[in-house]
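Some structures are shown below for you to check.
Two complexes come next, and they have one chain in common, chain A, joined by chain B in the first and chain C in the second.
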Partner chain A sequence: MTIALTIQDVHVTLGQSLILKGVSLDANPGEFVTLLGASGSGKSTLLNVIAGLQGVDSGHVLFDGVNVEKRPPRKRNVGVVFQSYALFPHMTVGENVAFPLRAARRGSAERKKVAQEMLDLVDLGSMFDRKPVSLSGGQRQRVALARALAANPGILLLDEPMAALDKQLRERMQVEIKRIQQQVGITTLAVTHDQAEAMTMSDRVAIMHQGRFVQCDRPENLYRRPVDAYVASFLGEANLIEAHGDDGRSPVVTGTAVVRPEDLSLTRADAPAGRWAFEGPVTLLSFQGSRYRLELLNVNGERIVCSLGPHTDVSGIVVGRHVRVACLDPSLVHIIDHRSVGGAVEQIEPVA
Partner chain B sequence: MARTAPPPLTRGVGWTRLPILLAGLAACVLLFIVPFLVVVATSWTRTSFVAFPPQGFSLSWYRDVLHDPEWTDSFKVSLRVSAIATLIAVVFGTLGALALSRLRSRAARSWLRTLFIIPMAIPPVAYAVGMYSVNLKVSAFQEHLTLLVLGEALLAVPYVFVVVSTGLSQADPALRPAAATLGAPWPMIVLLVDLPLILPQILVGAVFAFAVIFDEVVLSVFLAPIGVKTLPLQMLNASQEALSPQLTAASTLISLLVMVLLGLVSLVSGRRAARARAIARKAATA
Partner chain C sequence: MSTSGAAVSVATRARRRGSKTFGTAERHWLLWPPLIFFALLLVVPLVALFQQALTGQGNTFSEAVHMDVFAKAVERTLILAAVVTVVTVILGACYALAIAVGPVWIKVTLMAGLLISLWTSVMVRTFGWMLMELPTGALFWALDKLQLRSEPLNLYQTTPGMYPAMVAVMLPFAVLPVMAALSSLDGEQVDAATIFGAGPLLVLRAVVLPALRPALVSAGVLVFVMALGFYVTPLLLGGPSNMTLSGVINAQLNNANRADVGAAMSIILIGGTVVIYLIADRLFKVSERWG
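Up next, the complex of A and B:
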């Protein structure tokens, strides 16, 4: 009984500060949407609003078209995985997972059966009688997930689900959560500040900045066609270059070009200079395992970052030597047109 | 997740480490153990008054105390008063701590905290005199231990409140919201989440409260009905009248009782901690 989630123009003030300044979102049944933003962007507050743990100043939250702002958390039928997992330390794993059924006054046989099923779903069937303290971080996270799903909620909310895990486990759990989410087919809203996590798990990613959605789209589109410099540099690395082009008729189009480091490659110095070629002394060359990272200082004083394939011939490239890099396929360069994105200009920062 | 032991302090303190340790040890012995031993020693004297050093050795004062109804009755009164007052203090102290954990406003929190700690700050004599004047007005109280029990309970509330609210503040703040989103109404959250979590702190608070009440003499002086004595009151009387070694014998017995109780408590909690550590170790190696 997964639901469609609609958020309409939600405003929230905490103390004196405006945390959410008019946020709207539509999530289809079964869709996985991630709220991505730096800390303080309001993403966790939005999650609390949906769970009912935070009231709204104005705006609406609708589950399948029904207004739920007035409903307390326990009547919203949401499953939440908290950042700390919030497992009850005095209960066994099985009792934790059965808790929502106990709250719903189901019989003990049913509680046990469902809890066992949920634990099997997250591959922890043998941990039924253990206490949460005796589990590893990844296991605790899966118990929290099983508990959140046990009462068959309409929507699953994940608050920084990977924050407490180390890097390798994080990557495994991202795939695992995605698998379970698809198996259950539940509408899911996750909050994270980790862009790789957002892109791995989500159907759509909403980028939040200072209490607003900057852009909400499929990960590929966010990466390839960011609406402004903030999105461009928040999702992956980007060379942001002031672009003065001409489109044939009008002389100058002012915008910012987004050139991704991996779209640049080394070219010979005597090759014809393309439109997106940069030349200058190397300031850094480092091997990073699967890629080389090369930085150079462009003629205009811009720092250009390139990510080169591991089999690139870098012999003879040393710091200080002049090299030329170019994006050979101009269609990969995305131009943020300052005239069409009102207000975007002031947010542009130089590549840092 | 093996925890490594903190590095030894030897380097930091240098050669002063041993002298500091010895000085600390000496201070402990001097301040805590010597006075106690003096009390114990005076209780086996053969003289009929408290004398140090004791003269001779006899356990007759112990037999005396255990068979004297003045002492045994006052012990029973004290047990009764302390038990009931502790129960009341635990209920109110815990409720206060739960309320504190549910307040969001900083100002309201600090007001509530102050309110619950005030009884610690009021001089017991002033407080006892105040209650005494109430006792005089309301004749219904005079025959009973009611007002004494209530007064003692009030004195002990801050101890329970402080210990329990510390326990609550250490719990994961997400537990209650989690229970709420899982569908639990508030009485269920209190019963299944809050109380089991702070049960150890409630027990510790109860021990503190009991100890405070059991030892408290000022309120007894003013509020005990005529002819009824609590143990501290009986001790006070004994010290003022004859300074008989009965007094130190009774103190020694009480101290031994307390030590046995505390020993049992730490044994139980030590067992629990060891079990928890063993489970954690097993999980780490698994």
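Up next, the complex of A and C:
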């Protein structure tokens, strides 16, 4: 039953403001796509458009190639996990999960059977007769997921599914949701502002900014080859360095170099200066468990952040002392060519 | 030694906690004004009422219970209150739902109607209904214009004549709690039900009504208790031969000159109301919702 989702040039206005400014997306059957963006980027609105809770000004939404913009929410056969879970408090867990079947007027034996199967799927088989109030946050979320999948929907929508969970549970549930999604094989669209969550769960991540997709790609590609400074700094931490001229070997490039903190390492002061070496006084050194974080002020006044392995010898490094760090493998440095930037994002925030 | 140490530490803790806002003594002082108010305005009259009832010749309570007028009035009052409660709560829920989901002009009109009827004295509204129900009043005029009826109405000062006016007077008290419950209804739950395929009826039955149940019950209890003791509207529209309890009590006090029997009847009415409230509380946990 899982479907291919196509979104073509969707525009949405809410009140006076343009929320979605021409968004297009193709999701294959069974694919997990996450919309990642800051609040106000339009990602939740896009989810509502797919669910049918929000109409479009122009553009198309297609399920398996069929236009559905005119179809009311109840006829779209989508499963949604809401941010607050929206479980019905006066119904038992089993009745909650069976609700989509009740709405479809299925017999009570079938309802019960499917609800039990779904609860077994999310590992809550023994909670059938409990009320949602008596469940923990993580259990409620799994009930919401079971209910979303009960009527065998064509597409699953997750609206900030982890927002109400604490950090440890969140990491467990990310893996759990991914497992269930793969087991069911359903096309899934999630919305989040948490980049780690997006990368953990998704086959592809679409980065949204001011009502547009800035970049949509596999997590590795987004991280390694961001199209602009916004993506580079939104997804993980990045040193953005203005690059001019050439280093004698590669052709002339003018653009912004993206140097990831973990690609930098300490080098001896008398080592030959490569193209991606930075030198200056240390402004911060802190141990963070699995990494050391080192910050220094480059000669050009740029703040350079390095993430060093936990076994790095940091003896003798104190704030104020000059050190040199370098990226020893130049292929790890991605350069955003200024000529290719500007179409997608109206304005690139300066990154410190 | 150890006990006194524990006592000291408890005392310090209490002082520390108390010093955040008010000390224990100050907190008690805050309680006094409402308590005095309560005693003066409720307990004292009740005691006086009891005294009044006991000063009469013989057992006034048994005399009251055995009066034919009283028994008839109790029956009439209970039926009136019950029917008015059911009708008012149903209408009130529809009214509140219409305000919640209707187009703007309906919202504005209904809210204005609600506020105006709340701000207008019960007396004035009852007079309005009188003018409508009179044999050749406004209602007759309208029916006559529509050529539905040519002979005068026989509605004024009858038992059925009380019902519509009572419902109209009580309606705001049913609408307000339901409106409050509707405004705190979780919109995501309605969205969820819709997305999972529920039509409007199922959404109403499975999501909205269960969420409104507590408000409907408290509205019902409020209207029922108020209707039991209502005076002006039943008296003016029901007339002297269809008196409700408060009318009968008034007749005992002012016409029959039997203040002792009137007092006994009042106590029976108050006691009955309290018992009904307690039963409702037991069944529906009303007081938990009112805090």
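Everything that follows uses one rule, which is that the second predicted complex is superposed on the first by the 336 of 352 C-alpha atoms of A that agree within 3 Å, B and C clash if a C-alpha of one lies under 4 Å from a C-alpha of the other, contacts with A are read in each partner's own complex, and residues count from 1 in each chain.
Heads up, the rule we're going with is that contacts are C-beta pairs under 8 Å (C-beta built on N, C-alpha and C of every residue); 3 or more make two chains touch, one makes a residue touch a chain.
Just so you know, these numbers come straight off a predicted model, no measurement behind them.
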Fit or clash between chain C and chain B when superposed on chain A: clash
Touched partner set for A:Leu222, first chain B, second chain C, both or neither: neither
Touching partner for A:Ile50 - first (chain B), second (chain C), both, neither: neither
First (chain B), second (chain C), both or neither touched by A:Ser136: first
Contacts on chain A seen with chain B and repeated with chain C across the two complexes: 51-53, 72-80, 82-84, 86, 88-90, 99-100, 102-104, 147, 151
Parts of chain A lying in touch with chain C, wherever the complex brings them together: 51-53, 72-80, 82-84, 86, 88-91, 99-100, 102-104, 147, 151
Chain A-facing residues of chain C, complex: 186, 188-189, 191-199, 202, 206-207, 210-211
Contact footprint of chain B on chain A as seen in their complex: 51-53, 72-80, 82-84, 86, 88-90, 99-100, 102-104, 131, 133-136, 147-148, 151
Sites on chain B touched by chain A in the complex: 1, 172, 174-175, 177-185, 188, 192-193, 196-197, 276, 279-280, 282-283
